[in-house]
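Just so it is clear, A, B and C label the chains in written order, and each chain counts residues from 1 on its own.
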Amino acid sequence: MKKHAVSSKVLILFIMIFFYAPIVYTFIFSFNSSKSLTHWGGFSLRWYQKMFASSDMMSALWTTITIAILATAISTAVGTITAIGLSKSRRVLKVFTERTNDLPIMNPDIVTAIGLLMFFSALGIKKGYTTMLLAHVMFCIPYVMLSVSPKLRSLDPNLADAALDLGATPFQALIKVIIPQLMPGIISGALIAFTMSFDDFIISYFVTGNGVNNISILVYTMSKRINPSINALSTVIMLIITIVLILINIIPLLKKKEIKE
Amino acid sequence: MKKFIALTLSAMIIASVFTGCGSSASSDSSTNNESAANGNKTLKLYNWGEYIGDNVISDFEKQYGVNVISEYYDSNEMMYTKLQAGDEYDVIIPSDYMIERLIKEGMLQKLDKSKIPNLKNLYDGVKNLAFDPDNTYSVPYFWGSVGIVYNKNNVDKADLEKEGFGILKDTKYKGKIYMYDSERDSFMIALKNLGYSANTDNEDEIQKAYKWLQEVNDTMDPVYVTDEVIDNMANGMKDIAVSYSGDAAYIISQNPDMDYYCPKEGTNIWCDSMVIPKNAENPELANEFINYVLSYDAAYNNSETVGYASPNADVLKDMTSEGGEYANNNAYLPRSGYDKDEIYTDNEVLRQKLSELWIKVKAGK
Amino acid sequence: MKQFRSMAYPYIIWICIMIVAPMLLIMMYAFTTKGNDVTTFRFTIQNFIKFFSDDIFVDVLRRSLLIAVITTIICFIIGYPTAYVIAKASGRKKIMLIMFVTIPTWINMLVRTYAWMGMLQNGGIISKLFSLIGIDNLNLLHTSFAVVLGMVYNFIPFMILQIYTSLSKMDYSLIEAANDLGANNFQTFIRVVFPLSLPGVISGITLVFLPAVSSFFIPKLLGGGQYVLIGNVIENEFLTSGDWNFGSAISIIMTIIIMVSMYITKKIDVGAKIEGGDAK
């Protein structure tokens, strides 16, 4: 058993190095004084100054984070509920929904993007924050459903029935019995949805308008020269995430202490 | 209960779709009302990413008491796609051939030259270019040429002068070249080297150019890059690269071993210019913005930040004369008036053909 | 349990609006000729003929599928043990590990890819490490290795998350039962644990394979332009050559091919489930 523990530690270490090497690289180069993304020219904070001075970047950061949070919340809720409903539905509906869900995952983003662009234009909808949010919800839900469905399949079908027999309303059965069982799937679905929304460029690009940009749009359209401020921005995002995580992990500990006292 | 859940959900979803659209429309109109009430307007600028001076927008906003919102693109076609879908912008900065196309398709409006007195600042070499002979629709923003950046220590200038773009096929430099990943520019290089026009639609000539590029791909082991070329050449990663003059100017300023050469067989001269689309909401302000960009200060700030050649004659002079930022840099100021140099013309069939052939060149082997 | 059935209906309406309708527009492009206009609607299958009559396009598609398969296999080989270790970890540590796996994906993909470019190129940190052991001037950038590395890096978190999901909260009484019946750890894993985690494996494969086939930025940046994959061709048709009709046709051909291969995978999944049932 001990050998096991060692090899799993080595594996995790290897994965962490693999995952975080580019992040550390980005972090280091955010302090580079030269414009190069590959060669070190000395320490400087100029990219941080430039980033905070750029209203474009600050508003893009806001758009990205709010859209990602909203899209994740909506798509996780809708995706989970739909997946549960679908597991009890007729086969035809199930197959139809699953295949349709595969489309946005499988299609190159540009195809989805052009489809949505033409669709919104045909309806004469003004593009901006709302259209971007709608599109994000659209492509996030399939990921949530894909994560929840495997858990649903291994769910004991008698569980909910038992709850209903014991006098629970369907709503109670859903909240108290089914959803807790699906939790790991729901969480990983939400994480993937957040990632997808955070990272999306092409779809966002074609469904947005009126000056609403997200970070990806700024990064990808830096056609005339990559601006190292994006390294600074990435570092700041990393910092925000770390702080939030530490808080999430520390607050429960503090509460426990309070209760003990 | 089940009906209740179903109904609530569908109501929520449908409501989100419709209020979504509604609210975006209403919030737009409310901001418009607000700005009208305050007397300040909003200019929607659609520009290449990282293609404007650090202070140009903030200064314009301050000086005119207006608000500028920007969106960005990284290819003319991306911009065209959104424009065609009906998105509204006040000022766009497309390239030459795209402007020709937008004019042809009636998507632009004429400039109000009475609002643009700074037109007099234009450098002679960028006035009245072929795609818009009287500057009726467009005012130049940045311009430049396509040429070769090379390492003076490792590349024999005599080879360059003898072979021109043909140096890209010289196996002496195998594995040491960067090609620019753009079908139009690559075919221009091949066509020019073969002695044809860059705008030819002669099938035979295009096929010969296709063979030319295939030969480069198969024998020279080139790497196809876009913006990375700037960083990589500044660090001397390879000896020869196809590059835009403005990028070359930056490379040379970073790495004195590098130099820039425009072959005698002629090359492409390009010009990105400001235009006002037909559906602009604020054409008056758009004209004022164009005028502002032509002013010395704004043009200087633009060129200083981006590093491309300014259309403003005085800025060009100050940048290249003694003590200027690009005093001894022979890439900054593109040559003008050389009769073998060409501006791209718009030809949709040709564009599609070249783009497909280009994919085939790269996918080959 | 039929009570919950109706909960799926709103979403079905939603996908008809948001997924099916735009896809129909793409279909329309694929079966018509030039002229981005509904009024000049002319039916044709020319776009499809053009694709199959040209070796290069078929070749590119084959190459894309191959790279996606390799990526998926590597993601699975590294991802499964990782997910297994995470699923076995205790409460708080488990959550931390999952967050560690996910957080890198919240940094923009292009930013991370640029970092890889810097590390992989000649003179970058990796070539410097290799020169310590005597291998000089190693340039990994612009090779197939770089492309696969970039893809694995980008997509493996999804594989890990999916497998982790199906491994955690697994019914451990089954494992105990197997052990009680005299199965050793390895046998238990092969006969009980692995079959039970299969739905997650399939989801993981879906989430890696599908985007890998059509990925576009990674081959472009890490492959140096020579690695033209089908995603690049489609992107090029839409954004450079402006031939939406042909671009749409290629994406539909790709969709159909992938759908068929997914269908086969699902069949295997069903087969495996029956086998898993036997193990019970």
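Remarks
To be clear about the criterion, contacts are C-beta pairs under 8 Å (C-beta built on N, C-alpha and C of every residue); 3 or more make two chains touch, one makes a residue touch a chain.
Everything numeric here is computed off the predicted structure, so don't read it as measured data.
Of all chains, B has its CA centroid at the greatest distance from the CA centroid of chain C.
When C-beta pairs in contact are tallied for every pair of chains, the largest tally goes to A-C. Centroids built from CA atoms put chain C at 34 Å from chain B.
Chain A and chain C have Cα centroids separated by 16 Å.
If you average the Cα atoms of chain A and of chain B, the two centres end up 33 Å apart. Shown for chain B are the residues that touch two or more other chains, namely 1-2, 5, 9, 13, 17, 75, 78, 81, 232, 235. Shared interface positions of chain A, i.e. residues touching 2 or more other chains, are given as 37-38, 78, 81, 114, 118, 134, 170, 220, 226. Touching of two or more other chains is recorded for residues 3-7, 9-11, 14, 117, 121, 238-239 of chain C. Contact residues on chain A toward chain B in their complex (touch as defined above): 34-39, 56, 74, 78, 81, 114, 117-118, 121, 123-131, 133-134, 169-171, 205-206, 208-211, 213, 217-218, 220-227. Touching chain B in their complex are the following residues of chain C: 3-7, 9-11, 13-14, 17, 36, 56, 59-60, 117, 121-123, 142, 220-221, 224-226, 228, 232-233, 236-243. Of all residues in chain B, those touching chain C in their complex are 1-3, 5-6, 9-10, 12-14, 17, 75, 77-78, 80-81, 84, 179, 181, 183, 217, 223-225, 228, 232, 235, 237, 348, 351-352, 354-356, 359-360, 362-365. Within the complex formed with chain C, the residues of chain A that make contact are 8, 11-12, 15-16, 18-23, 25-26, 29, 37-38, 78-79, 81-82, 84-89, 93, 96-97, 99-112, 114-116, 118-119, 122, 134-135, 138, 141, 143, 146-147, 149-151, 153-154, 157, 160-161, 164, 170, 174, 181, 183-185, 187-188, 191-192, 194-195, 198-199, 201, 215-216, 219-220, 226, 230-231, 234, 237-238, 241, 245, 249. Those residues of chain B that touch chain A in the complex are listed here as 1-2, 5, 9, 13, 16-17, 20-21, 23-25, 28, 44, 48-51, 69-75, 78, 81-82, 85-87, 226-227, 230-232, 234-235, 250, 254, 306, 308.
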